[in-house]
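Letters A, B, C and D name the chains as they come in the text, with residue numbers starting at 1 for each one.
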Amino acid sequence: MELELDDDQRTLQETVRGIIAKECTPAFVRAVIEDGLDPSPWWDTMVGLYWPALAIAEDVGGLGMTWIELAILLEELGHAVDPSPYLATTTQFVPIVRRCGDAAQAARWLGGVAAGGITGALALGEHTVRATADDGGWRLDGSVAYVVDADRADEIAVVATAHDGVGVYVVERASAGAALTIDPIPVFDHTTHIAGLSLEGVVVSGDRRLGGSDLAEGIAVAVEEATLGWSVVTVGACQRILELVVDHVKQRHQFGVPIGSFQAVKHKAVDMYVAIQRARAIAQYAALTFVEDDPRRSIAVSMAKVAAGDCQEVVLRNGVQLFGGMGFTWENDLHIALRRAKLCVTMFGSTIEHRRRVARDALLGEGAA
Amino acid sequence: MKLQFPAEAEAVRAEFSAWLDANTPSVAEATVRPRSTADSPPWARRFQCAMFDAGWLLPGQPPEFGGRNASLLEQFVIEEELMRRRVYHSFNPQGLSIIAPSILMFGTPQQKATWAVPVLRGEKTAALGMSEPGAGSDLAGLRTRAVADGEGYVVNGQKVWTSGAHDSDFILAFVRTDPDVPKHKGISALIIPTATPGVTCRPFGSICSKDDHDFNEVFFDDAFVPAENLVGNLNNGWHVATGTLGEERAMLWLSNYERLDDVINNFGARVRGTELADDPLTQDWYGRLLVDAMALRLLGYQSVAKTASGHDPAEQSILKLFGSEAAHEATNRALETLGPLALDHTIDSAPYNHMNLDQFSASWFDRYCRSFAVTIAGGTSEIQRNIIAERILGLPR
Amino acid sequence: MELELDDDQRTLQETVRGIIAKECTPAFVRAVIEDGLDPSPWWDTMVGLYWPALAIAEDVGGLGMTWIELAILLEELGHAVDPSPYLATTTQFVPIVRRCGDAAQAARWLGGVAAGGITGALALGEHTVRATADDGGWRLDGSVAYVVDADRADEIAVVATAHDGVGVYVVERASAGAALTIDPIPVFDHTTHIAGLSLEGVVVSGDRRLGGSDLAEGIAVAVEEATLGWSVVTVGACQRILELVVDHVKQRHQFGVPIGSFQAVKHKAVDMYVAIQRARAIAQYAALTFVEDDPRRSIAVSMAKVAAGDCQEVVLRNGVQLFGGMGFTWENDLHIALRRAKLCVTMFGSTIEHRRRVARDALLGEGAA
Amino acid sequence: MKLQFPAEAEAVRAEFSAWLDANTPSVAEATVRPRSTADSPPWARRFQCAMFDAGWLLPGQPPEFGGRNASLLEQFVIEEELMRRRVYHSFNPQGLSIIAPSILMFGTPQQKATWAVPVLRGEKTAALGMSEPGAGSDLAGLRTRAVADGEGYVVNGQKVWTSGAHDSDFILAFVRTDPDVPKHKGISALIIPTATPGVTCRPFGSICSKDDHDFNEVFFDDAFVPAENLVGNLNNGWHVATGTLGEERAMLWLSNYERLDDVINNFGARVRGTELADDPLTQDWYGRLLVDAMALRLLGYQSVAKTASGHDPAEQSILKLFGSEAAHEATNRALETLGPLALDHTIDSAPYNHMNLDQFSASWFDRYCRSFAVTIAGGTSEIQRNIIAERILGLPR
């Protein structure tokens, strides 16, 4: 196996870090949280850098890179606690369109994302939204809870059930009018938008029903991409916490010595480090399974979610403990990364659910993993 | 051994229970919430004063100080009954439990009348000025200085983590009055009114919210404090700091027990009747929580009994370590188990409990965050482990 | 609550410790393990001290003490890794006879235990042994796995199912002949006897069927006593390990200082200590629920088993780790106590099962706990 | 990044795989088990010699020393293939992997011919004399002394934990040759035949069994060792001790991976088709085990790749810490989950695997006990954490 980043990937990583250090600074993120600053200029900067286009195919205007490069970017964005709509657009909306759309739809929406005109979201309402044929188009009724960026995405891909089975319908938020109600939820991570969606007779035209062939499989894979996205972001946020903690324990003195010289402090920091290494390695592996279309992909994604969930638990527990009182203040950036990392356990399946999935595959399934 | 308390203690509990039935503020009355641990709403002040007058407030004290000369066991059943009902005797807990008793133990009659009794009767609130930037758990290293000057002291320096200072009437501050003797020998305790010129309280937000203002930085800039505000002897502040909590220490574990009990009740209420109640992995940690809570209660009872019968309770560190770690684990598991249901971050996203302090009725994420505080404040888990290893297991320093 | 031992109980504890220190020494236990020394003389000593009679009622010749006193003794026996048939006789055989037998049977077998003539075992074959009426007596057929002391107890109380429901039949091992096959299992704790039982037409007389009224309840409570017995013994074995470890880390020097001065060592030792305190407190509480016939008894016993299981896990992991290489030798007594403590998780329900039982009672049951 | 190995490495794997198909000892042949790590049964010696002759034994060495000058990546796929098949190249692992390579690196041509090659060809077995009573993890503190005397050295002192010494032909012993210089500077490496008068090997039982004789105390009582048995320069033993394992260090994690894989396979085989496979709590830890095993493999591969491309692999401590802790956790969970099924303590109570070392095919309790060894031997988890904290995170000593 070759699991090291190659030179191009390393260059990308360095570039991304450099730009984030200048454009998505802790002060900027804090202003978004505290003053309600609009993060759109930062999104526009990313669009200008073709970041949303990164993993979109070249034939629809993207850069044609892979999940490896996307993961590099996502980890850094997690590290910075990015307040933009990048995550949902690139790991939720783009995958569902790519996996379920036909060529025209890919050109329209993936092209739109790549060109920078569109942000997107994914609403999984397979069991809660009904689609009915309506004069050449479709009418959507139902509700979906906990949709990332539903309150700000331009396009929301809604998974719904029609008479002929599950389908995906792309709703333009701005034009849906009163038939679409969006209730933002005050989540504990102030930089992530999550909202509930109510559809009462939202009508979409026929060309907004994704026209790919194996929709069930397409939706499943898109959900896997979304899950991996959260996992990678969590690793980034945890890495940030480790860096904050290591700086702190080197500087903070007690009983006349830096507290980083105490064994209890060292060992807790090491357990954080190991948990991050473990989670990052598995996230990269899962990203590789997408690149190589490896049959272990689905289980690899669950493993990545498990490792990210385990990681945030150790990193948050030890991180706050090692910061002591200093980590307990609003001024400290610790809690900003902590909130993002903790969000991981609430989205796209808990650690426990994914862990059982991994085990069931090995103990009860075909043993493909 | 018995599972019941002695009849005398149960009689006190029954009497207190009847009193609470008649006197606990109603839901309608208790709507205004405190904004810090030194901000006591009027309804809470009224109730605290009623507790004082009835001799339930600090039951171990004599009647003139809000008590009834109760034995430790009696004090304990009173405390336990309050905890069980989630009724708070004071919304200025440090004033009630540390500062007023310190002044009662070490202060002059005038200090008792001017500062301690008003705190007990809910007329004043007080904050405790111990920690300083850079000193942390190491009280002996504090640097705020008080220099004798005519009829008093001029204080310069800075405190931090001073809970509720901006809402308090005065601070019981520990200051260095003799810089030339080693570490803890040159420390004195001063009552410093927050209105004193040169005293600035700057509250700052906590991990929970920018607007959760309880912690303060307190700056002393040539603040003049009259000599009559010295509590205890000059350079004897170390004794004031360490001697305040006597046998009441044996009841500190109740606050962590309350945290555990809170998760047991609130999480239980949240999942009972849903499929989560049937989930083996939920049952696994919830079962552990129930065992932890029971163990804390049993070990806590033992510690109270030992203290009551005159033994030295070396177990406070165990109760602190065990109780706080269990509380953190429980909130973490609850948050994880509830998944997206735990996302919602409004204060009323958890069941509302009458008279509950916010840290117990907050969102699941707030509870999770606050649970870190208990493994840090009052001596980190690491420090508790050091103490247990050295004092109880006899391991070398 | 009064949870402190009273003066009499403390005296009993001191006495028991003194006798064990002289009679059931590490060297004696080691000789039982290594040389196959017969532990009977030690059992005879215990009989001479009326220890088996401790918690048996006075009217059948016992000392009439309670589960508190029994627990004091059992913890010390766990500490010593007692190789005698004490545990099964007093916490398995005695309870089943007491809970399920009539007055005459109590006098016969409890009196027998108290007087020192009898050792006993309990074979739970509710679903695996069938009892059929046979000429005024009963015929037993079936098998029971993992019966403590089946290979050496004088009397084995076999739970079996007859046409009219579950019953308990006391089989005299020596007289059962070829109809009773006992297969000792080479368990990892060399001081505990466990065997499988095969009954092919074992015949017992009518007066050997226990004649109490509510047998199902009686069996359930007897099983709870057996479960509590294991829990208490585990606490004792864990306490022994803690003592060995504390002595070791005080004496062992590395890098010029006793290893007990390292924070990582201290903190591991403290976690052992706290786990033991937790388990002992709950075991005492469970014992008290028997004494006071408290309705929380059944859940208290499960809690005690959980706490003992949690305790052995922390104590064994940290204990061996702190001993380092020294704990990895046969000569060191560590493994002798370790084997006894580990046995806990294999007998009378796992930690997990009991933990779930505690939770189910609170989440699904009447909430009696 | 790729999920596959380079084609050249896969070609080597294919060639080796074919060779193993033809040459691995049969089940019938491999019945005699070794009694210690220096006791190689005749069938194992024959197989080891065949590996030597075919250049698969130490593939990084030249052909005259059992190799083929293979790259690290090629060595790795060979090692991995052996691991995957549970085929052991030697039943004297320390002789093969540490002692012979040390002599090949630091020894004279005569030493190579007399001691290293026979160990490689399975004709001799060897033991490693490092630890001493009281020295533990602290090699610099060793006290066994060798004093120059005519044509050699007279050795006095004691070693402990010397695996397989009683079954070995010689010991590569580290001894103090200059007591007057600091700590590690006065140490030398000597080849000491166990038949030397004054050398006494006393094997002792392990935690697993009185009769599990691998560890030895070795006493040197005026044992004379000829000067020609000095390996490397006088007082240069520290280099021999630390320099032996070069890039092969990057493969040490495979042994812990094998432990994890062993629990995955054996426990999986034990419960598949039973209700335990459906139990959520079993699935919870088994799922963690699968993730741990995958993570160890991935981190291990990364470390091999880094070493192959010339980077300094500071990650060995991570792999050791993580792999050994995961292995212990897995055996503990398996033991607990199996409950009474895990009681049985005979060696064949776990599935038998052809050619498996006893530590992998032992009872569940034996596996549990042995899993402690990996968190202790070769540097405890505590020491690994110190190393990672200081070298990787840059925390102060």
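Basically, a contact is a pair of C-beta atoms (placed from the backbone, for glycine too) under 8 Å apart; a residue touches a chain by one contact, two chains touch by 3 or more.
It should be emphasised that the depicted structure is a prediction, and the values quoted were computed from it without experimental measurement.
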If you average the CA coordinates per chain, which chain's centre is most distant from that of chain B? D
If you tally the C-beta contacts for C-D and for B-C, which one comes out higher? B-C
Chain-centre distance (mean CA atoms) for chain A and chain C, in whole Å, is 53
Between chain C and chain D, what is the separation of their C-alpha centroids in Å? 41
Can you compute the centre-to-centre distance for chain A and chain D, using the mean CA position of each chain? Integer Å is fine. 43
Give me the residues of chain C that touch two or more other chains. 262-265, 267, 352
In chain D, residues with contacts to at least two other chains: 280-281, 284, 382, 385
In the complex, chain D residues that touch chain A: 1-6, 264, 268, 271-272, 277-278, 280, 282-284, 286-288, 290-292, 294-295, 298-299, 301-302, 305-306, 309, 315, 318, 321-322, 382, 385-386, 388-390, 392-397
Residue set of chain D touching chain C in the complex reads 131, 134, 136-138, 161, 204-207, 209-210, 212, 215, 281, 328, 332, 335-340, 342-346, 363, 365-366, 368-369, 372-373, 375-377, 380-382, 385
Touching chain B in the complex, chain A uses residues 34, 145-146, 185-188, 194, 252-255, 262, 264-265, 309, 313, 317, 320-321, 324-325, 327-332, 334-335, 338-339, 342-343, 345-347, 350-352
Chain C to chain A touching residues, read off their complex: 262-264, 267
Can you list the residues on chain A that touch chain D in the complex? 1-6, 9, 68, 246, 249-250, 257-258, 260-261, 263, 265-267, 269-271, 273-274, 277-278, 281-282, 284-285, 288-289, 291-292, 294, 303, 306-307, 310, 352, 354-360, 362-364, 369
